[in-house]
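Both of the next two complexes hold subunit A, though its partner changes from subunit B to subunit C.
This part shows the complex of A and B:
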């Protein structure tokens, strides 16, 4: 089984983000692997270890992505493709999916694993659109993957009324939840080996496409402005005798907040 | 006049409140409204759908649609959108909506925006507002296509009292099942407890409760209040709470009148799911816990000591 797993480099959500004139201030930002993609990498590596799968990673971004890719190599990914093209300015999910479609078509993959969402967009679209473009079956929000035979996998996904068990005919696309696994910490040996591994870097022309052809020149939607989110004000905090402060807070909930 | 198609949110044979909320917003934008309802044995809900503010009801009612499958579900929405010539297609916040919306957008060549909290329409120009980066920023998105598919975040819109519509049922043809992704079974997490999405009060428990005994203690508080009982991811990962109880960025987004965070530190991913609540109460023994930065009322204390007192005091006040 050949697996393609998609990985995006995103801003670290744990750090403060400043906004000026409708844009995010680059200064002071740090970048990390998208958390859900790290789960996707772990899922791919487990399929390699348990089911002899071959694992390829693809990331669309810039050369800065190589540190992240080396981390994924250290986790056990075997091959990596980095799509870097200066013409890609502000791609939407459709453009990313259009590029991933080309990457998919160049390989002979049985399964695509994407994260359920990217931490910077929080949008959860790319993997699902990719499946539509490829006319492949797709299951999102997946929390387990089990290989049934060469042409079938059984996955479970978190749905609205419980865990749904779905049998999928390959090739297919799945998007994974963070509940699927606990990504491993790479071992020292892996980290050393990862340093020497090659990363295949391609621009859109090398991929046989162009920014226009993937819809990157005329995005269906674009961020017109970033704004600060309305932060809640810290309210009243009570310390001291538990009985006394709890009674006081209940009184406030009833008479000030009027929730009871 | 813009045309807005709302996906009827039906769960266990009941039309959920989010349908009226979305239709109210559509009417506030002076749009023509329709709903599309997909499921099995749902025709009887036509009157409810009209009362929720829709003027046309596209119905796909078939045994094969009983269990959610994203392919056929999206096909029904696309068919309705094309017949109605919808400018916007709105899903209420649900896993079904999140799975289907990008498919519908791809098929209609429309733009797609998830987790929207507002939408404006000036002439033909559609813009939406949505949080991103775990709720750290708000984006104003400009839509460059004629059609937008959106997933509306829970609590974004309010139902207008007295909203009404007209009954006008249009039956959709039933799509073929997806033979390449076959849903075999649903392991229901239904615990007989109140659905988090519907609850007026949500009580959530975190790692501070330690174990089953701690959870049971907090659950009693939720029971007293007929509240939804939620959880941080720590307690889901620990195997104590069902997945569908997780509140946060990858769990449920809730916006109740009162949210009680019990023994929850307030990690950014948890906050992303609950800071839309009207009032927040936090109980945490660490006075520096970040949850206190968003809580209207904070009790610094040991939850094992505080919860029994809290239950008692609430009983006193509510009688």
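This part shows the complex of A and C:
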């Protein structure tokens, strides 16, 4: 089984994001692997370990992505492709899916694993659009993958009313939830060994396409403006016994909140 | 007495002993090198105080009786060495005397007197030792037949020599000295017997014997003494009593300058090391010879386990067994180890690569198949350790337990990838945001908002850098300590700044968890930042940070004068820059943090401050100072669940709750968390407040 997994480099959401004039202030930001994609990588590596799958990773971005890719090597990924093309500016989910479609078509993959969404945009569309482009079955929000035979997998997904178990025929696309696994820390030894591993870097031409063809020249959607999210105001702490606290709360509800 | 018999006994006794010793020595030399040939005077001093002076035995109040017992037996042996030499001489030459110890020298009489009294004392001590082992049975003791055998042999040595002298006295005093046998060679009168009360008492026991019977006793006791002594000598290297021979050199060769051998800065760029799996301690041949000598020297006294916070809370780490398991592996693989080392010595850097390859393959064949962690030591045992050093502090023969544990953890974390995965979150946090909580690095200085604290980036021209540490920066409880400390520094007009978002975890916990890669990453970045600002003096609010900055950063090119906040505050109080209201704070006790006390010998400054803040003075805990009990968070344990046995912090909280105090003071953010949590667990957090010393000072400042 050949698996293609995708990773996106996203801003570390542990940090305070500052907005100035409708744009994110880059100063002081750091970038990390998208957490859901990390789950995807872990799922792929587990399939490699348990089911002899071959794993290839693809990432779209600039040379900055190589650190992240090497960590995925250290986690156990065997091959990696970096799509780096200066013509790609602010691609949207359609553009990403368009590029991934080309990557898929160049390899003979059985399964595509993507994170169910990215931490930066939270749009959750790329994997699904890719499946649509490829006319492949797609299951989203997947929490387990089990190989049935060479042509079928059984996945469970978190649905609205509980866990749904779906059997799908390969090739297919799945987008994984963060509850599918606990990603391993890249092996120390792997980190050292990964330094020597090659990353296949391609631009869109090498991929046999162009920025126009994948829809990157005229994105279907665009971020108009970033806005600061509202911070929650600190709550109020009441002290005393139950009767005192009740009296205080009632008094505030009546006089400040005026709910009565 | 009988030169032929004496020669025979000596040749056999010494030849067998020599063979054993040569083997033991070759085995040590087959292990990895370590340099211990420096600072000879300091080493001699250590040996004089710790080994010959028996400091850790006599000086330990809790067990002074057995300490004195052991010391007297040891000192008795030291005194008796000269007597033994005289007896061996007597075997060849009638009336043999060592220079200056004969009848014509006062020294001779003094020695005879000392020897006589020591023999009596040793005999009494041996009886006490047997009584203690058999009847009192202290729980730490590991009772073996070997121990009783050795005690009996010591008793035989004393009794035989006393009876030998007693018989000689009787022959001289009662039977007209038929054989002129006295060792002072005075046929008419054994004048030295005026100096030997114990031997004269022994003589009374056999005074009923006739001249021939007494002569028979003398001869029998002489040979019994010699044979017992030579047997004793040969018995020693076979078991735990090897320490009789190795303790002195082991103490002489102990680590200097830092309580134990510092963790090596591993060369992580060395690809061969990754391929050969030679990073960390994975197989027995990777021990260095001093660590081998430690294994030889363990006396199995069990003090290490008695003071170990993990052993007493029912975790599987029992350092006595830990040592023993390693020793068994060392001895079981000894022949191969020696052969392996011989092969290694033949490899020349510029040798034929094919030949080298072949030699390496042969060496691999000889490497023990047993992995140290897994086959020899169980993982739960290895990971239980909090690196608190209580074991090392109490060990009478200065065995260094912790460096071995850290090196074995390195093997687990770097090579085998079998470290506890619960550490992953903390490692990841360190990697991404420079703190084990994984909170955004840009929030590191949020606690200082509005306090008017300078950043080094704004003004590096300050007297001190205040190293806040991750806990002081991110942990809500510890942030209050940081704020208190800032108030004190500002009140005393100390010129200081913080690094703010440029500070990262020192890497202490990563290093102790064996993640040398993460440690080096943190250390490199911090040293670069510190050196850019030309930082010279650092105030650390966390003993773990202090220890790493002070002792480990110099290994990587970071040299700073580092003090703990309690040292600075104590100075401020002494110099009158900070004045305190002693009437406010009630009764106090103090929990010594391991990395402040045992690692850095800072015991007095915190106590001096506490004396100043409280009118009622300081009540010491039962386990305090050098024998303080760990809170359970050191050595990376802060970031791991404690699922086996009782909880260490709860155990400590109960000890604290046994004191009639209203506050327990600490000087470490980990201790603060652990002790406070322990107090909550036993529902005592209201009665006994857990506070950092800085908080107590800030609260009581006038």
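Criterion: the second predicted complex is superposed on the first by the 237 of 260 C-alpha atoms of A that agree within 3 Å, B and C clash if a C-alpha of one lies under 4 Å from a C-alpha of the other, contacts with A are read in each partner's own complex, and residues count from 1 in each chain.
The rule is simple: contacts are C-beta pairs under 8 Å (C-beta built on N, C-alpha and C of every residue); 3 or more make two chains touch, one makes a residue touch a chain.
Small disclaimer: the values here were computed from a predicted structure and weren't measured.
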Task: Check whether A:159 is in contact with subunit B, with subunit C, with both or with neither, and answer first, second, both or neither.
output: first
Query: Residues of subunit A touched: more by subunit B or subunit C?
result: B
Subunit B versus subunit C as contact partner of A:14, first or second or both or neither: both
- prompt: For A:188, is the partner it touches subunit B (first), subunit C (second), both, or none of the two (neither)?
  reply: second
Message: Looking at A:221, would you say it contacts subunit B, subunit C, both, or neither? Reply first, second, both or neither.
response: first
Message: Looking at A:201 after the superposition, I want to know if it touches subunit B, subunit C, both of them or none. Which is it: first, second, both, neither?
response: neither
Message: I'd like to know which partner A:213 touches here: subunit B for first, subunit C for second, both or neither.
response: neither
Query: Which of the two partners, first being subunit B and second being subunit C, lies in contact with A:147: first, second, both, or neither?
result: neither
Task: Please write out, lowest number first, the residues of subunit A touched by both subunit B and subunit C across the two complexes.
output: 14
Subunit A partner contacts - residues on subunit C that touch it in the complex: 268-269, 271, 274, 413-415, 417, 421, 424, 427-428, 432-433, 438-443, 501, 515, 517
- prompt: Once bound in the complex, which stretches of subunit A touch subunit C?
  reply: 12, 14-16, 28, 30, 32, 182, 184-185, 187-189, 191-193
Task: Report the residues of subunit B in contact with subunit A in the complex, numbered from low to high.
output: 11-12, 67-68, 70-71, 94-96, 98-99, 101-103, 105-107, 110-115, 127, 130-145, 148, 178-190, 201, 233, 236-237, 243-244, 249-250, 257-258, 268-269, 275, 278-281, 287, 292-302, 305-306, 309-310, 313-314, 316-318
Statement: Residue set of subunit A touching subunit B in the complex reads 11, 13-14, 17, 19, 24, 36, 92-94, 97, 116, 119-125, 128-129, 131-133, 136-141, 143, 154, 156-169, 172, 177-179, 218-232, 234-239, 242-243, 245-247, 249-254, 257, 259-260
